[in-house]
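For reference, chains read A, B, C and D in written order, and residue numbers begin at 1 within each chain.
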């Protein structure tokens, strides 16, 4: 792990942090962290594993788990399970599909998932449930929302407002757009360290360690969705090169799962052309190859 | 297996065979076969496992293996590795992507793969190589092309001719369209039994049984592509419900792989709404669940 | 004219009123009115020409005239002048074109035009200017906004909110979406009779009658835009069958211009498959043919 | 006219000739010709009006006239009359519309029109009819097909072959693709001078001069189609800036009509960004403004 960390730092190409909000744009790209939690509960970390970063879309894994717990398979009436062939925030495909997002990991799909969790409550109550779920999963209460990031997402969130109103125009939004988006922007603004994130991912390796939050069948299905849809339009490439389920966020974090074996969190804020962490993807590719962790 | 076969036959919904050529349209839909070859080389079959069927797009797995063997990663200059968000024969996405097909399993991508194999030779020479590869993989010389099916595909192949000329207009075809398509239509018209197809898939489980035709690294990548792209626009659904790599054909066949454990061929000619075998998909879902074969 | 009115009423197919807001859906479709103002200032009417109807998108002609008067050709930096090949409220084409609407008569383009007029003012001030322009054009102060219709448009306006936020995400909106849309929904909710609307259209025939509000060059260009883009995705059909510039609204009104000769307003609330007045289009086709008014 | 010619030649920006076939690419762009035939039969020319150029898509006006003469309004079952919102050779829109081209002036629509004329005959017979129609219209037998251009179009015509096969896959092609395209490539390879082309366009001004080839009603409709669809995705811009019906070709020619008044042919091989003659468009804009010829 230390070797992996050292090797990655020798290559000067760190990618480019997300630029659509100042809070993400000004993050120093030359940072890297990795934490692996294995089935026996052991924790291995390297790099800046105590630095908090904005998890962004990685929370979509947790909100999907919560929404499935609340609504079961009825959720799939509102959102499909197919990889998205177009860019992650595209509204084109949404119209083509009659207002039913392709999967719960693109923005439109995650807005629907959040809307399902909100379910008429005040956003603060839904957020409390989401934060509590993640804290329980991670075994740590020291996980918080960065209000400045949430405010900035709201201020720069015209594309997401467009998606939410578009969903509403197809009757696929149960709450007012500003309520659902308020919840959405806040849970995307959660901050975690790689240690916290890897711990929070333990339930997805379905092993003896950590809290049991979903049934085995549902864990497998969530992992399948991460593999086919977890990296926007780079999902096929990630499956081909890395070979394990994972979910990325524009903050530079990735949660990856080796079923039965390990939960991995990596973070490096510079992104590749698909919008996924450049060094994070490299680290996972190297690790999966060295550890023989490909599921294929 | 016999139980699985019997259970499937009790449900009267067999789906609808492909209708675009008479040779496929007139096949009796109420047929089912399954063969499983395990890592120890044992063969388990049930149903009509000696009936030959048109493998159609299942050959794309073998032609991709051959093309990668011939050209290596240069192939990816001509075709991407991402799931296709639109219907399997759509020309729209091809224009959007500048003439580079999304993956080697949609028609446009498989035409490129075939074109790479043809490589200036006479179609008969390329076909001889393809057929020999599959015979070697299956350990059987009794595998042949159905000329009537190939002729019918040619006669009804306007959509594929459009794709080939479209690729040519983007300079992504090295041979004359009629040469490449002649090769393509013929290898899609191969006929196999489920026993032959499961045997031919042994090299993809990367175990001690059967001939070793690709490196472990390449086998894993091929399996990853099958998982993300193997079932047209139903790939996400197949991964979610079945959880193993597979490639379907409109003839009703599916080749599925449990890495290190088993190669499975199913066949039932009636298709579901995605164009994949209805009973075949059900059988694989049941088998994967009962045998705990999900890779997730 | 009376004959035209009588003939039209003998055919029982009145089309279907717009259904997206109750105020339009409950209008009796079996109504028809026509008013023609000729170059000598004479007014000819038939049918329900004193009934007020919701002009809806017909106001886009007037707001375009105002925006061109305020901003000149700079407006064309924000909106194109090409016919839209897709349905009138489609968001797909907007993304394809990078946030620059195809023309000022589709919803996205009219939102941009309204935004240009609003220009940092309070909506009430911009609305006062729009209403005053139309009153001056029509020579009548008895033209008002139906607040109930405006409120209903706002309540059911998710598609337009999506368009406005989408424009904002491309930096093609200068005012807050709710400000621009508030102005937009209100000027679409103007009510006029065919007499008032035909009078208001006099400046577009560029003859000696009525107020002179635009230069000859600009009038011609506005008429050209009406001809190529005035009837959503039925513009080509209207040009082919009727042969004069016109702009329709989902309230069932159409303003049509015979350059140098006549300004015509028709109204019948039932729509054809393109979203344009069914009887209104028929009436204009008949009138143009009988009067030899085609511009071609 | 001489003044117009001289003025145009002072501006050094001649645009870029079409580059997809060598025969067009190597034409010297610094050429310009214009011929105006007025309703009284007088001919006014300037520039290189005796130089023959490849008329290319301008023939689509004549083939549409012939197809309407042969098939009447039944033609509209196979092709629509709406402006195309996308680039002139796009296959995307064709799939979206179920194989019915948007209008007879985009490539797909002109292939259908040609197919309608071919109607089971040998291509040479259909071509004889097309050439004879144009010779009659022009009052000149010295109009010929450039076989080298036709051969080059065929050799580089993959995009058109794709369109033809695509139409065939939707059952919207009655003849074999190579038969219809053979006819299509040949009539596009006709060569004319501006004098010949303006003469050939006389029947579209529907005045007392020249042969009467279509009824007044049909002439008007053809002119309407030229106005809304005659300049690919620059049709709206041409209508806005020039204000008269016209049809352009990638050879740099434009035929434009002032109904009842004049038929105009311009030629300059350099194209603007829409694929229409740059100097030709400028000349028509200037002429229409000076002569007050806008139809609006």
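A few notes on this one:
Note that in this section contacts are C-beta pairs under 8 Å (C-beta built on N, C-alpha and C of every residue); 3 or more make two chains touch, one makes a residue touch a chain.
Owing to the predicted nature of the structure, the values given are computational and were not obtained by experimental measurement.
Shared contacts of chain A and chain C, meaning chains that touch the two of them, come down to nothing at all.
Greatest centre-to-centre distance from chain D is found for A, with centres as Cα means.
Residue-number overlap of contact pairs with C-D passes half for only one option from A-B, B-D or A-C: A-B. Here the CA centre of chain A is 54 Å from the CA centre of chain D. If each chain is reduced to the centroid of its CA atoms, chain A and chain B end up 32 Å from each other. Chain B and chain D have Cα centroids separated by 46 Å. Touching of two or more other chains is recorded for no residue of chain A.
Listed by label, the pairs of touching chains are A-B, A-C, B-D, C-D. Taken together, the chain D residues at the contact with chain C in this complex read 80-86, 93, 102-103, 219-221, 223-225, 227-229, 233-237, 239-241, 243, 245, 259, 294-296.
Residue ranges on chain B touching chain D, taken from their complex, read 90-92, 95-96, 158-159, 161-163, 165-166, 168-169, 177.
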